[in-house]
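As written, the chains take the letters A, B, C and D, and residue 1 is the first residue of each chain.
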Amino acid sequence: MTKRALLEMSQVSAYYDQIQALQDISLEVNMGEIVTLVGSNGAGKSSTLKAICGQIKTSGTISFLGNDISKLPPHQTAKLGVAHVPEGRRIFPKLTVKENLEMGAFQLKSKKDIEQQMELVYQYFPRVKERLHQKGGTMSGGEQQMLAIGRALMSKPSILLLDEPSMGLAPIIVEQIFEIIQELNQTGMTILLVEQNAYQALSIAHRGYVIQTGKIILTDSAQNLLENKQVTEAYLA
Amino acid sequence: MIRMDKWIDTFQKNRTSQFIVLGLFILVSSASVYFLERSVTAFLLLLGSLLLLHYTHLTNRTKWIVGLLLLVVIIPLATSGGTSQQDYMEVAVQTGIYVAMALGLNIVVGFAGLLDLGFVAFFAIGAYTYGIFASPQATQLFHSDFFPLAGTWFWPFILIGGFMAAIFGILLGIPVLRVKGDYLAIVTLGFGEIIRIVFNNMDKPVNITNGAQGLSQIQQPEIFGFTFSLASQFYYIVIVILLVIIIGVQRLEHSKLGRSWKAIREDEIAAQSMGIPLVKTKLWAFALGASFSGMMGVVFSAKNMFVDPSSFTLIESITILVMVILGGMGSIPGVILGAAVISVLNLQILTEVTNFLTQNISIPDTLSPTKMQRLIFGVILVLIAVYRPKGLITAKAKQYDPAKLAEQPISDK
Amino acid sequence: MSHIFTALPQVLVDGLTLGAIYAVVALGYTMVYGILELINFAHGEVFMTGAFIGTGLLLSLGMFGIDMPAWITLILILIMTALLTGLLGIGIERLAYRPLRKAPKLIPLISAIGISFILQDLVRFVAEMKTGNYIVTGTTLFEGKFTIPFSSIIGSFQNATIKTNTIILIGITIVIMILLDIFVNRTKWGTAMRAVAQDQETASLMSINVNKVISLTFFIGSAIGGATGFLFAQQYATIDPYIGFILGLKAFTAAVLGGIGNIRGAMFGGLMLGVLEVFAAANLSTLTGGVLGSEYKDVFAFAILILVLIFKPEGLFGKSVKEKV
Amino acid sequence: MSLLQIKGLTKQFGGLTAVNQVDISIRPKSITAIIGPNGAGKTTLFNLITGIYKPDKGSISLAGTSLLNRKPNQIAGLGIARTFQNIRLFKEMTALENILVGMHNHLTSNLFGTLFRLPRVRLEEQNAAKHAYQLLETVHLADKCNELSKNLSYGEQRRLEIARALATKPKILFLDEPAAGMNPKETKELTDLITQIRNDFDLTIILIEHDMKLVMKISEEIIVLDYGQRIASGNPDEIRTNPRVIEAYLGKGAVS
């Protein structure tokens, strides 16, 4: 265990209205890893990501790069380097593609930094460059997903939280997106991935957590989870 | 300390002791109203006994009997002691009129969730309906000796005024109800202003409303040769109409229609999916709410013998809204309380405080509390919205008895 | 009927003047609605407060015997007024709207009406305390008048007169509108404002402080609304604490007309409503054969509002959106 | 003979075709599941059938009666009831009152009867409350009858929504992701409940669901939508092995 934990949640609970969404969640993501969170609809996968970036109130501790971020609002966790690509992409439909990217770089002060990040995004997503002056809402689902990831990259993040990047996309596009996620990881990006498509998520991840009704019930290397009978039956069949 | 709790607990369960305490309270407050000259405090306490009655654990029947006794016998008697009887009764009549209007608006805003900022327009419709036909204006308009109608016509006109207001409610509702949410508020506000401007200018080309001068010499109500002219006499007319309205809204609240209103308020799409027709149900809310206002409009014009457009400004609509919100949207006892508090505040307390202040310390006229009505309303609105959006008495859902529900239904075929 | 045509130039000048005021006030409504989906009912009162603050500043300058060139005075007072009403706007949002972000829609509307009333009475107090009357007539900075020779363009037109004040008013409102348009469409914070309007949650993920952006929106909307109040006071000389309400309502109509949330639409809606209203006031009586007089000009404005809301609630330039089920 | 007949149904939003030339035919008393990736047009399909959206093209008929150009409340009156993906209960009303609202079309009281509290109306109200209570018993919520619906737990709210839909005495019940957010135990109970109400109330049930276990267990027919189009239909076994379905929806994992 020489690896350094970049993000660490311990005993985190959260409530939506009166319903408990998360129950004593503990997990860690180490530098350079792809960690995936699998589980059925409503199990608490998205809530976990929302808890990390401060979109929902939680008890317990969440530390990131040694800072306690459990009580920070989203715009401050974002400043520290947590980039969240929300479920359903949530690009700004009435802003142009370029403006969307600029918003991603909101915290960067120097123009040079912004341009540098833009170039980086173009490298991963050449399609985005072709559509710079188009309104975000006019793009196809796959392009929007690429823009959403690109937008998150603009802030020079230390970790990328991806919430269901495959949602509603054609298999071919999903394939591409997953390739890019792997590529990003190979250049050093740490990624926490939430997926309904457990098979695909586990096949690119290093480690995985299985979450059920707000609790983590299982954690192992991705390979082992793929072969785990319980997991196969519940989420892969 | 424990004993005290226990004592309170027993008191809460013991109806007899509650009854006795309430009786004593009524006795003391009514006696003070009777013997003291113009004591606002005593009068407020006496009215407060109605609130106390609401919070006792007496059976509904006892509550109704005590309440009626208070309204019909004790309050008129207690205020008859001094020279200020008509002042007290004036306040009571005005309060009654406002309570009725607030109950009407409560159907629209509280039950059906439609924010109406032009509600006073319906009051105006009622007032003008009677005002035109029971004043020389009608003679001028129709060139007939039949007009102005005699005071005996007042009675059917209570219903006609209500009906006219309901018709206007529907006419206004048909176009307006296509608009949703806060847009609806703006549109109703616009309609309220339009109606006022129209009344203000309908003296030409044909003189219908006599414009800004208003209608005067409106006939007072008359029955079997008796003419109602004093506030203490109008008091009974108002009480009777009010009781009918209260019983009406209570029955409506937990009926098929009442539930449909609330369902629409909670979720229009789900309500529609349950088979509730949106437009028709909303129109019923507009029409019934408006009719209460229309009825009281008739009483208002008969009592003042005069109507002009200045009584129907936006501030009146907002006043009624403040009553509903302060009391608690959708809560019948709450709305009654809210209307009473605001009317008494407006008509009595502010004047008294002003008198007190000007007599004892000289304050500039500008700062006189009677002129601070808007400021006070404003503060109430903001405070209520931020700290108690459900009002003084929160609306309660009807509680059913599971034991009775578990019985087999009786076939109604 | 022919005088309708000959008087057209004057109607146009007066209409554009009124329309420019509506347009700038409408911007405040539209910006706040765009970002919070809230009708900031108190915005008309912020405009009115601006009229009083500006007039008050001008009167006190006169009292202290400070003498500056008129245009410096004007700019100074506009900036001061804008600053103060801008802060007032921020305060209103903090006090009456922010605690209610998650409340049902009816509730913030109610506190907005409350703030409206509070401002009306507070301004009345201060005005009455200082001047003894709540109707205040200020001094005019620019007295000049011009004649625009429309008759030389088309023979049957009459000439229109225009005050120096009016030219200044129209000029400044145009500058405000252009600056705002540039700010919203070209700058980082302007883009952030649009982003927050579309999706607050996601905007916060971009490290945008949503509360700050909302405060900024209120500041800008209220500042330009308040500054316009002072220009209004200069244009029409007499003000009272109740001018804001109806004017606010009409400005809101203008915002709806242009498609609420749409800044350029609000500008266009304001100008259009101003011209229509002045046209109606001048000619309603002639057009209806004396049945409806100019008293009905407010009815006319409301009728436009109601018709637009019923038949084209998304405004003339908006796109309709479907509720998500 | 099919109870619900849909032909060539198409709906566009802006440039996106949410439902594209869909044909569906539903047998009486069957349980049909509609599955497909998020955004495949499943909920839009429900909204078209229940009248919340107007279709651009195509026909929908229930037992021979066309549902086109009817308002949602009229369609409810014809015998179509539904639940919603994101639970739409009347939050400030009690569980029992929610059900009573569902009975709207079967209550005959008018304004006159209500205001004068006629014996007929009183009896009808009492009976309605008792029927409503029975429905609450069916979904195991009888003890929560006086509870405001917003105070119920997630699973309870889902069940209350089903009971409220049943109160309209529907011919067809549409359930939009009834198991969403439920744990495996609750999902199991829900599976039994759905089968039970189908039998007890003689219902036809159509459901949208992501939980494949539930879908495979109770449906007699499965329709798969992708990009607004029907890409497959058949019984659970046929769907499980359909290569197109595996590619578009179930994923490669299903093959292993």
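Note that in this section a contact is a pair of C-beta atoms (placed from the backbone, for glycine too) under 8 Å apart; a residue touches a chain by one contact, two chains touch by 3 or more.
Not measured: the values here are computed from a predicted model.
For the pair subunit A and subunit B, chains touching both partners: C, D. Greatest centre-to-centre distance from subunit C is found for D, with centres as Cα means. Between B-C and A-D, more contacting C-beta pairs join the chains of B-C. Subunit B and subunit C, compared by their mean Cα positions, are separated by 36 Å. Mean C-alpha positions place subunit A and subunit D at a centre distance of 33 Å.
Work out the mean CA point of subunit A and of subunit C, and you get 44 Å between them. Chain geometry summary: the mean Cα position of subunit C and that of subunit D are 49 Å apart. Listed for subunit D are residues 52, 84, each touching two or more other chains. Multi-chain contact residues of subunit A, defined as those touching 2 or more other chains: none present.
Residue positions of subunit B with contacts to 2 or more other chains are 269. In the complex of the two chains, the subunit B residues touching subunit D come out as 248, 251-252, 254-257, 259-260, 262-263, 265-267, 269-278, 284, 395, 397-400, 402, 405-410, 412. Note for the complex: subunit D touches subunit B at residues 50-52, 71-73, 76-77, 81-82, 84, 88-94, 96-97, 100-102, 104-105, 107, 109, 111, 114-115, 117, 120-121, 123-127, 129-133, 142-143, 145-146, 148, 164, 167-168.
The residues of subunit C lying in touch with subunit A in their complex are 188, 191-192, 194-195, 198-199, 201-210. Only residues 109, 113, 115, 175-176, 178-179, 181-183, 185-187, 189-191, 193-194, 197-198, 200-201, 204-205, 269, 314, 318, 321, 325, 364, 366-367, 371-372, 374-375, 377-382, 384-386, 389 of subunit B touch subunit C when the two sit together in their complex. Looking at the complex, you find that subunit A touches subunit C at residues 53, 55, 73-76, 78-79, 83-84, 86, 90-95, 99, 102-104, 106-107, 151, 155.
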